[in-house]
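Each of the next two complexes has chain A plus one more chain, namely chain B in the first and chain C in the second.
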Partner chain A sequence: MKSIEYKNRLDSVFKKIVFFFTFVSVIALAAILIFTLLKALPLFKEVDIISFITSDVWSPSNGQYGILAFIVASVLTTLAAVLIGIPIGLYTAIFISEIAPKKISNFVLFCIEILAAIPSVVYGFFGLTMVVPLIQKIFHLRSGSTLLTASIILALMILPTVVSLSTSALKSVPKAIEEGSLALGASKIQTIFKAKIPYAKSGILTSFLLGLGRALGETMAVILVAGNSNMMPILNPLYEAFLNGGRTLTGNIVMELAYASGTHEAALFATGVVLFIFVSLINVVILVVKKRGVTS
Partner chain B sequence: MKKFLSVCVLCSMLLVGCGGKASGSETSEFVVGGSTSIQPLMEQIAESYNKSKSGKITVQGGGSSVGTKGAMDGTFSVGMASRALKEEEEKSLEGTVIALDGIVIIVNKDNPITNITLEQAKQIYTGKITNWKDIGGKDQEIAVVSREEGSGTRDGFESIVGFESSQLIANADIQNATGAVISNVSGNKQAIGYISMGSMSNNIKGLTIDGVEASEATILDETYKLQRPFMLCVKKGDESAKALFDFIFSDEGKQIIQEHKYIPVEREG
Partner chain C sequence: MEDIKFNVKNLNLYYGDFQALKNINLAIRSNKVTALIGPSGCGKSTFLRTLNRMNDLVDNVRIDGEIEFDNHNLLSKDIDVIALRTKVGMVFQNPNPFPMSIFDNVAYGPRCQGIKDKKELAAIVETSLKQAALWDEVKDRLNKNAMGMSGGQQQRLCIARAIAMKPEVILMDEPTSALDPIATKKIEELIDILKKDYTILIVTHSMQQASRVSDDTAFFLLGEVIEFDSTLKLFSNPKHKKTEEYITGRFG
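Then we have the complex of A and B:
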């Protein structure tokens, strides 16, 4: 017979194993961060950090490293992707959780999940062969590889995140809220928009922010459709920025890493550090939103 | 319990597998470095050479100028350059052409243009000509497609056509792979791009340059202008790379060059 002592020992061994495996991800994060920082460091012997972020001239062969153009392109495409993706995603979530019959909502949810499983290079290739020529035709452009095209593809890619998280946020609204609202004479749509969405707002907001993070970090699909020219997006008028090509932060790293060496390589890692800071900021905001959601 | 133990063993085995030593020891005595265009070819040559002749060659990138500089100051035993040697380099280095590569300027199949001059290519890529009608095509804006900074093909193209990297038209689409350049040009009737000759495909149209079509024959007799030599250079009088050169100019070496779709040449002198 197995003694209690033996069971306790097994328990403590297992606890240690679980602890160890949990730590792997933390260590991985630390390792990546330290590695990226160390690799980026040599850049700042030659370029000061301010001009790295505020200069829009990127010309490694002339020793000029400024990533402002890429920061602007990243911010623009990400925001546009979220602006396109949010209404589609939120309304899909409302349809799935509130309006559709069970069978249809299951089917839609299934489709959304498939969308999440498609590799990003497939999105990119779809964009390159379908959306790029379409955009070129619609706007009579020199090339359909534009920031707008990238935003559209990114909007598609963040849909699964927005839809599935918003759906579960809406589904977790207590029954009493809905019943109370209906009992007070509100219509179904009024109940959804005035009672359930406000109640679930922190969950829905989190889904938007996670979508934002996904769009910011996406690479493969973007470099296939965004054109990747290293010029500063034209901000006045703003639509010109979206009708021209541009290069995002992630795109810059992937674009040039293969052949880069020395300072050039360090500049690409520094680009990664800047990206890391952006992603961290988004995550901090997510934490704040979640905390507020719990306390309110 | 047995099950539990075997799971533990399996996990630890997996972990050991993941944490394996970083590949390759850096203590090799023979380093070949330089042009990133030659790098993939050289890596395979080195692999075969190391296997059959038990050599210890390692290959590094960096670019043609890094290659010649490295060969001069002894960082590399052999420097790789995908361009002709400059005068001051020739003073201290001995260059050997091991292969030739043609670069083809490509356009969409629906583009009526069939020929271009190097001067026109330069003006298009530096933004002085922005409409196809200026070189006899349709009245459409030209969509310039180029490769990324650091790419050997870009370096080769820019140095033969004759402009600096920073002069490239700012709104040029940049792609970091030959395949991406091809799909960009095959999908856009207004696009122009350039690729290594070995990568030509049927989806796109290669332009003749000054009326000469790119082929093995026109590259060997030098009538096709947009071509570049793959050079290996050593310090003058240095004989340590003789065995490597013997291997490259052997049938086996030439076969590797052909597999990479470059044009092998006969040994000079």
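Then we have the complex of A and C:
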């Protein structure tokens, strides 16, 4: 028999260990944030924040640092990726959790999980060798490296997130809700769309938002297929934006960081800060959605 | 000749190899309240769920026998289960309102049947809530989420939701077991009013409840109906020793 005193001491040591390791990840976040901000700071001696965000001229050799073109490209590809990926993902989740026989649904889920395990550079390579030529052919373009290509690859990449989280949200709907709906003479499809999806909506929305975050932050696959030109996307008509190359926020950092120095380097870190703000906004929305889901 | 709503003949039900219902024969009278009593696991809920084919959801279930309802065998393969469930409504043990407004909860069933007209829906919602004795409590907050109601109110909402389908029968599976005594009393009073318009079957673990609300009572034990009679007779003068032991609380 071990003494109570010994147990208590063990308890407090264990608590300290847990606290320490938790603290490591918080410290890491703070360190990254502070480091990025400090490195970005020198930029604002030469360029004011407003013109950094609202100018679409990026020409480091002339001292012009405007990232509007990249913000627009990032927003466009992310939204398009989500528009393509969400319906596919949600319907796949419905198929897996509600309709498919167990064996088939396990197999589909397995495939989706494998999709999540593929490194992003492989997605990029797949896009470069398969999707880029296809887009070029279909739309008769000079180059198939376009924002549309990037959106399609991103849509594929967010599928695992959307599918697996939506599936578990649907599976966690209590049986009582399903039975309550069926007992009222609702069909199976009505039960899924009118009772189960509304019940699971906060989980499903969270899966969409996490997919959004993933698409926004993705880098490697995007730079391989997006063309990376630093021109402002043509917004009128909008489809022109998607049929031309473009550079996202993440792409901008990766393309130039290797040789940048001084103000140029600071501008790249500032690009990172903007990206960080976007991702934080998405996370705030996720928190709100989750909280609402709990209270309603 | 009395009006019979369900005529159950030689009903057997198996979950895989386990026989949950054994040769059930019952005639459930129209516009009466029939209580199903018996210890846990005796098959009374299973029996209730055969009447609106909810057992279809269970894997590996096998049913034989016949249940005559509206001149049809409701167990037959070619019965329209959705149409059956609009006629045979159900209220569950734990209140299970949908996470939407009170109005939308009651309008759920009618909407699933394709009723879209707003006035018509509003009229159905009002009548149903009135019949469920809930209208006065909620008429000013029909657009509020139903999850914010008390347990007893939620259960009456579930009754209103079932009534909105204008069913012939309401099945109640231990409808008050999750409720406090005051909410229970309200539901019991409601059952007494509803039996004018509906045939009601209620599964209950409370002998007092069975004797208070029901006209007929069936005593289930290990998948068999041991005794089925008018509630008055069954409780005052049980024919079987097992029934007597159960209702006097000596086992179960």
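What we mean here is this: the second predicted complex is superposed on the first by the 295 of 296 C-alpha atoms of A that agree within 3 Å, B and C clash if a C-alpha of one lies under 4 Å from a C-alpha of the other, contacts with A are read in each partner's own complex, and residues count from 1 in each chain.
Everything that follows uses one rule, which is that contacts are C-beta pairs under 8 Å (C-beta built on N, C-alpha and C of every residue); 3 or more make two chains touch, one makes a residue touch a chain.
Everything quoted here is computed from the prediction, not taken from an experiment.
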Combined model on chain A: chain C and chain B, fit or clash:
fit
Which partner chains sit in contact with A:G144 here, chain B, chain C, both or neither? Use first/second/both/neither.
first
Contact-wise, after the overlay, does A:L68 reach chain B, chain C, both or neither (first, second, both, neither)?
neither
Quick one: classify A:Y199 as touching chain B (first), chain C (second), both or neither.
second
Could you look at A:N228 and tell me whether it touches chain B, chain C, both or neither (first, second, both, neither)?
first
If you count the residues of chain A that each partner touches, which comes out higher, chain B or chain C?
B
Taking the superposition as given, does A:I177 touch the first partner, chain B, the second, chain C, both, or neither?
second
Go through the superposed model and pick first if A:L79 touches only chain B, second if only chain C, both, or neither.
neither
Which superposed partner A:L33 touches (first chain B, second chain C, both, neither):
neither
On the A-aligned overlay, A:V108 touches which partner chain: chain B = first, chain C = second, or both, or neither?
neither
Under the stated touch criterion, which partner chain does A:Q190 make contact with: chain B (first), chain C (second), both, or neither?
second
Which value in Å is the smallest Cα separation between chain B and chain C when the structures are fitted on chain A?
47
Interface residues of chain A shared by chain B and chain C, listed none
Over in the complex, which chain A residues touch chain C? Could you list them?
174, 176-187, 190, 194-195, 198-199, 296
Using the touch rule from the top, collect the residues of chain C that touch chain A in their complex.
52, 54, 57, 82-83, 85-86, 89-90, 92, 94, 96-100, 108-109, 111-113, 145, 147, 158, 161-162, 165
Please name which positions on chain B make contact with chain A in the complex.
8, 36, 61-63, 66, 140-143, 148-152, 164-166, 170-176, 180, 183-184, 187-188, 190-191
Contact residues on chain A for chain B in the complex?
17, 59-62, 128-129, 132-133, 136, 142-145, 223-224, 227-231, 244-245, 247, 254-256, 258-261, 264
